[in-house]
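Both of the next two complexes hold chain A, though its partner changes from chain B to chain C.
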Partner chain A sequence: MTPLPVQALDIAAAVVLVTAWVSLLHRRIEALVDTYAIQSAAVALTAGLVAYEYRAPDLYLLAGLTVAVNVVALPGLLRRVVRVLGVPRMVNMYASVRESALIGLALLLLSVWVVGPIAPFAEIPSAGLLPIAVAVVLIGFFLLVSRRKAITQVVGLLVMNNGVFLAGIALTYGLGLLVELGLAANLLVLAIVARIFLQRMKESFDHVDADALRALEG
Partner chain B sequence: MSGSFLAPALALVGEYLLVLGLSPLLLAVLRRVKARTQGRIGPPLLQPYRDLWKWMGKDGIYASSASWITRYAPAISFAALLAAVPLVPWFVLPTPLGPFGDLILLVGLLGLSRFVIALAALDGGSTFGGMGSSREMWMGALAEPVFLLVIFAFGSPAGSTQAGAIAARGVALGIAYANPPLLLAIVAYVLLLLVETGRLPVDNPATHLELTMVHEAMVLEYTGRDLALIEWGRGFKLAIMFGLLIALAAPWGISTSGTLLLVGLAVGIVVGKLLGAHVLVGRLEARVAKWRLFRVADLLTLAAVFAFGSLALAYVIGGGA
Partner chain C sequence: MPIPWLLVVLIVPVAGAGVVAVARSRRQANAVAAAVAVSAALAVAGLLQRLLLRGPQSYAGNFLYADDLSGLLLLVVALVGLASLLYSLDYLGRPGGAHELPLPRLRRYYALVFLFLFSMYLVAEANNLGVLWIALEGTTLVSALLVGYYHTRRAQEASWKYLILCSVGLAFALFGTLLLYVAAVHAFGSGNADLNWTRLVASGAELDPGVVRVALVFLFVGYGTKAGLAPLHTWLPDAHSEAPTPVSALLSGALLNCAMYALLRIDAITVRIPDFTWTQWLFLLLGLLSVFLAALFLVVQRDLKRLLAYSSVENMGIIAVGLSFGGAAGIFASLYHLLNHAATKSAMFLIGGHVAVVARTKSLPEIQGALVAAPGTGLLLLFGGLALAGVPPFSMFSSEFLILSAGFARGDSVAAGLLLLGLLVAFGALLWHLSRMLLGDPHQPYDRSARLGVAASLGIGIVLAVALGLGLLLPDPLSQLLHGAARVVSG
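The block that comes next holds the complex of A and B.
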């Protein structure tokens, strides 16, 4: 019988997967950002559970950091961008909702097929999370490439990051505090850069549709 | 449960009393919660009983063009739903009737109940009836395979499509029953439940606006006793779907022993869970607007995808552990 925190860890990871999936379906940017916040909270929970189960106090710090940056700061920033720039609130996409959901399923099956056989060899109880984490990374990547607005692409990148974080927790109990700190700081910087970039884009072109940038290729 | 004949019979009667007697109240609670959330007072909690009583005292009126189908459809639909009640483990395990039918039969019975009503709606020859049954059958045709997939997702770890067997496994495993595949299956089931019972983002049970109604359009022609049967059946179909969700997703509390005290406790627990589920749907209904009809396909695609994902993950975890 698996110990209770490990089981809770599984459930939290499943929440991360479900939210990644749900983020493929949103048509409004605010809903997408909210879903991302929930997902980050689930990631923070997994970090907290791992810290508790394996007596790794530095992971508590990491969980707190995730809450501060990924649950509060980044979504707040993104909401502000949407509000301040007056970005049209619809998520433009290359794939329909139905296609996105099915592609999400295909990505999950892919990661189950490829990563599933490897996971049991890692001798940690939480290695079962690995297929889920890889699926989240892939879904985040799909979100990144299938959406047209720059801001939704940023969310795709953030979802990918959550997946990487989850994989790190599942396999190594955190990538090491310093690496994680650097990663979190990077993310924040990235979001700020994206904000400034979006602002410039809005001022120069009067829209934030990344697709229209191709016109410059001539 | 001893080998006697009496105890299962009593349990069966108890289940019917619980489901038939309580489902109007649960529906009233749902409406009340929805009204309160929207800042209205809402109808009194006994209103569904009063409605049923009023309708029961009146004869049906039939269009001159209607055939026997219109007359018998409500009773057939009601009977199909009645037959579905003992398929769900409510508060005792093993289920009183034992392995007399599984969840595939349940899907079939719900399909039969839907089919006869759709047929009756066409029978009257009114425009609304045809429109409503067309929409209902379109949704039904999409929902049924997804329903089966969801059942397989719940059933594959237990190796059975018997709700009793699945719930018994859950009760035996305790908290260890909860795992990622189960979570995905629950999400899929909840999405499906909204379609299957015609709740808000899919169909608005409170509207009679011709453009949007689905179920209401089909039963527009009915009055009196027939309407009572249809509305009552609809109420306890909701209870059946929730009861199944509770039995499959959170079966803890269902009594596996025959002592009266434990069974009584189990009844209390299941009523509490049913109330909770109705309150949640009431709150959801207060917040969402009805979706465009064709987005229902999106919802069902998502449910199918979650159910399939659940099966895939169950395969990994089953192989890994």
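The block that comes next holds the complex of A and C.
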């Protein structure tokens, strides 16, 4: 029988993937942020389990950082932005929920088809997570380009980053203390900068619809 | 004990940001800015001298590392940083300057510019490719705040687009970096692998080409976006045209080269894999596409700063095509062009900013007859415009010529021929716009009371002198640096 941590690992990775897909279905921004928080928790759990199963102590640190930054700090910051700026609750979409759901599935198939066969990865025991990670990156990218609210674009970017983190966990067992700290710090600063922009947009346009931003062309 | 220049270069701007934050008057803030501009340039000069005499430098157990290629980027950032800070003193800092900022905003502006410079210096000195990525994302975050520094609608649109598109690009680049790391683990075993460039380049030949190919696609999409290479350049004309003028000069003259530098580091690794030509093909494809798209947009352009921005896309394309020709000659020519373009474009953005103040508009059809209406400004525009178009004896002519000859010499006649065609279209477009701006009847009275100021003139003078001077002669130390940098890449 497969050892317990490996089963748990599969489940955690599955949660990361499913939450990415679910984020395409939401119509409310708060729900989107909650889903992102759950996804980040699953990424952290994956990191912890890989650390335990494959004896990669570096990854415990990454797990801790993910909890602190992606589970607690970033969703908190985003919720406050929603509260303070009063972003209207509906998430405007270019693609309907049904189209988004189908495109999300297509992206998953695409990444399994493209990333699966790359040979050297087969030697890495946890490389099975890689297609999932790529799918999460692509779904995050699709979330970013298909939604109109500026704040949804930020969440899309963060989902992409979770995908990249998952790939890092699966393939490299950690990139070293300094790089990981830097990555986490970058994410935080990104969120703070985005907040400053949303504030400014609110002040000058009275709404935070990225769609209104199309004066510059040619 | 020798002075650790690598560290000094990084400390100067950070310390400057701390000091300027507590400046109590405009005079103090401007004094700090001038001091940082000059001392950062001196620190880089100190480091360059050490580099040329003693070879690659490292600090803190190889964490910071600088060879001739880093030296070239440091030189470019220091030069453009010096010019644009000097220009800022008059443009934003001086009471009665063209875009005078109130003290709190002036302090914040200088602090952000210093942090921007710091992150660019870190790009040049990072040995670890992960740290290089972090520094580049850092440049995006800081400069996005600077692009939106005038809180106008257009500036906010531009900075938002810039922040999101470049962050997305960099997320792809991070993924590519991870894959490169996987290739390293595969080659050296997990205990021995790291993301240090010195390690990767030393054993580049052992990397698995299959993994590297996938990594390259992500790295080129990611860093290519940030370098302004088509088709992911769409943020560039917005950000570079809506930013305050000195920031535009930094973005076009210094920052684009930081992303190009990341690609050069990758190129230096992959060129050592036997029979591996993907990097060259990617450079050629993205480069030619950039040159042609930009040339077309140059023809139809109606805004002065957007014209300059599209010209940056064109020149990044030229550099990429030169890199695709490869070999010591092609890479030397590309790096020479990188330096020339940095000097010329920053000069031209600074001049363009002044033209927009004097003519009271950035709209190309409305700027006419500058030579008659404001002869001093018109003359500057004439010099800068000819330098940018690549007329001899300006330096951009020399490097474009060298890139083309490298291409023909290697037998890449089709690619070199296409590049020549693109260059001619862009050349014609720039000269046509330039002649319309300089000659003809002025549409409206020019603001002849607008003065450039001593510091701003000095800033423009420095970069314009480099743009002209490097076409007349290449001083020995500089030639040594460029050849050394080319050897770092070509092996």
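Of note:
We adopt the following convention: the second predicted complex is superposed on the first by the 209 of 218 C-alpha atoms of A that agree within 3 Å, B and C clash if a C-alpha of one lies under 4 Å from a C-alpha of the other, contacts with A are read in each partner's own complex, and residues count from 1 in each chain.
Definition applied: contacts are C-beta pairs under 8 Å (C-beta built on N, C-alpha and C of every residue); 3 or more make two chains touch, one makes a residue touch a chain.
Since this is a predicted model, take the numbers as computed values, not measurements.
The superposed arrangement places chain B and chain C next to each other on chain A without a clash.
Of the two partner chains, chain B is the only one touched by A:Asp10; chain C is not. Of note, the Cα-centre angle with chain A at its vertex and chain B and chain C at its ends comes out at 160 degrees, rounded to the nearest 10. Applying the stated contact rule after C-alpha superposition, one finds that A:Val193 touches chain C and leaves chain B untouched. More residues of chain A lie in touch with C than with the remaining chain of the pair chain B and chain C.
When the two structures are aligned on the shared chain, A:Leu102 is found in touch with chain B, with no touch to chain C. Applying the stated contact rule after C-alpha superposition, one finds that A:Pro131 touches chain B and leaves chain C untouched.
Of the two partner chains placed by the overlay, only chain C lies in contact with A:Ala167; chain B stays clear of it. Legend: residue contacts after superposition of the two complexes on their common chain; A:Phe141 is shown touching chain C, with no touch to chain B. Closest CA pair between chain B and chain C after superposition: 18 Å apart.
In the superposition on chain A, the residues of chain A touched by chain B in one structure and by chain C in the other are 119-120. The residues of chain A lying in touch with chain B in their complex are 1-2, 4, 7, 10-11, 13-15, 17-18, 21, 25, 97-98, 101-102, 104-105, 108-109, 112, 116, 119-120, 127-128, 131-132. Touching chain A in their complex are the following residues of chain C: 63, 128, 130-131, 134, 137-138, 141, 144-145, 148, 151-154, 156-161, 163-164, 167-168, 171-172, 174-175, 178-179, 181-183, 185-186, 190, 194-195, 208, 210-211, 214, 237-238, 242, 297, 300-302, 306. If you check the complex, the residues on chain A that touch chain C are 118-121, 123-124, 137, 141, 144, 150, 153-154, 157, 160-161, 163-164, 167-168, 171-173, 175-176, 178-179, 182-183, 185-186, 189-190, 193-194, 196-197, 200-201, 203-205, 210, 213-216, 218. Of all the residues in chain B, the ones that touch chain A in their complex are 175-176, 178-181, 183-184, 187, 295, 297-298, 301-302, 305-306, 308-309, 312-313, 315-317, 319-321.
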